[in-house]
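Letters are used for the chains, namely A, B and C, taken in the order the chains are written, and counting of residues starts over at 1 for each.
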Amino acid sequence: MNESLLLQLEIDQLNAAYAAALDERRFDAWPAFFLEEGCYTVQARENFDRGLPLALMALESRGMMKDRVYGITQTIYHGPYYTRHVLSPAQLLPADGARIRAQTHYAVFRTKPGDASEVYNVGRYIDEFARTGAGLKLASRLCVYDSEMILNSLIYPI
Amino acid sequence: MNESLLLQLEIDQLNAAYAAALDERRFDAWPAFFLEEGCYTVQARENFDRGLPLALMALESRGMMKDRVYGITQTIYHGPYYTRHVLSPAQLLPADGARIRAQTHYAVFRTKPGDASEVYNVGRYIDEFARTGAGLKLASRLCVYDSEMILNSLIYPI
Amino acid sequence: MNESLLLQLEIDQLNAAYAAALDERRFDAWPAFFLEEGCYTVQARENFDRGLPLALMALESRGMMKDRVYGITQTIYHGPYYTRHVLSPAQLLPADGARIRAQTHYAVFRTKPGDASEVYNVGRYIDEFARTGAGLKLASRLCVYDSEMILNSLIYPI
């Protein structure tokens, strides 16, 4: 039991650090939460539930994530907004071989300059983790969001 | 101290599994989070604070919960929507004899097809747990919600 | 590692008790979460990020907090509303000497009588804790909120 204790807390710490990096706009720190060959996918619940492959975003390596960060910070034209992630404690799922599995419900709030904060994107992370010399890393994070209707476009990672 | 550690994590895991079952629409799994004679009550804060008995829903056994699930899934006519629970870490309360007590703040977001996600119901769970051969079970979950004005009617469990 | 485990859980318990005291309107219990000379500050993210000193509220002792509670409960004229805090698990930050440091993302929802619940204030707590004979206490809680536009004025503590 003590091992699963440790694991839950480790995952909660990783999730909190991940959320803090994004919300504090330290986007360069984001790919480092993943393995070099880690996957980051954002998919509407409707497609996920039906087993359809279409995803809003599918990045299959840290390199692709770095490209995305470059796009966000340097090239994509978009109105500025703040994000704020609020996360439930992670739920441990049965391990798949060496892969640690968990899922976490999230709510992301958006604040545009001069506006009130609003619900932006809610859903769950479905995660696989690997233990590395540098600590726990995401082998895969699949963000399944509830609303097909995303307020404007989704610029920053979820 | 280590015991209360374990307990907090166990309750957080139970809460996460409970939320996942509801949000993933595995409603048949819902009654099994309770004791056979477990209670599930949903009450407006206004009534709770005044000690008034009126509750929006009061189910006093797994059997009644199963009936409710049957109603939700088979007979009640209602517009479809997704729910998403986001929960705080549970707060342990002083035990009442053998009863483990805790409370947890929750926010439930609702997403209707083609719409943005919105705040649906916020409040707290006031819980009593019993330890059984099959793990921790809810002897009683009282959902005290803040808003008397519930968006449409409350169909799915909170 | 076990020490940081304990600490995370202790902080989550403190945060949950803090949120419960506020949301249940037990405002008199609020200053006791702080050291006698504890600080409570509420600041817009815009100012925080720029290193500007202007804060919406800055209380520098329990005495000032008690004054504030007196104001809230006895003298300030305002429309009534409920609050509901939903908090992420705390993120431990590197300690600063004897000071335990952590930050926690929060969402506060507001419910006015007869209205639906709405997003009120989202942001993060940036905290310093001290260990005392009476348990963990806040030496400083800085609430950095995302929206400059606060729905009505901010009456109750965040």
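Keep in mind that, in the parts below, a contact is a pair of C-beta atoms (placed from the backbone, for glycine too) under 8 Å apart; a residue touches a chain by one contact, two chains touch by 3 or more.
In UniProt terms, the chains line up like this: A, B, C = Aromatic-ring-hydroxylating dioxygenase subunit beta.
All of these numbers come straight from a predicted model, not from anything done at the bench.
J.: Taking all residue numbers at the chain A to chain B contact, is the shared part over half or under half, that is, same or different?
T.: Here the answer is different, because the shared fraction of interface numbers falls below one half.
J.: Chain A and chain C share one sequence, so how far apart are they rotationally when you fit their Cα atoms? Give it in degrees, rounded to a multiple of 5.
T.: Rounded to 5 degrees, the superposing rotation is 120 degrees.
J.: For chain A and chain B, let me know how many angstrom lie between their CA-based centres, rounded off.
T.: Once rounded, the distance between the two centres reads 26 Å.
J.: Identify all positions of chain A at which a residue touches two or more other chains, and write them in rising order.
T.: Counting only residues that touch two or more other chains, chain A contributes 5, 9, 86-89, 107, 119.
J.: Which residues of chain C touch chain A in their complex?
T.: Contacts found on chain C: 1, 4-5, 8-9, 45, 86-92, 103, 105-107, 119-124, 146-151.
J.: Taking the touch rule as given, give the residues of chain B at its contact with chain A in the complex, in rising order.
T.: 5-6, 9, 12-13, 15-17, 19-20, 23, 82, 84-89, 107, 109, 111, 113-119
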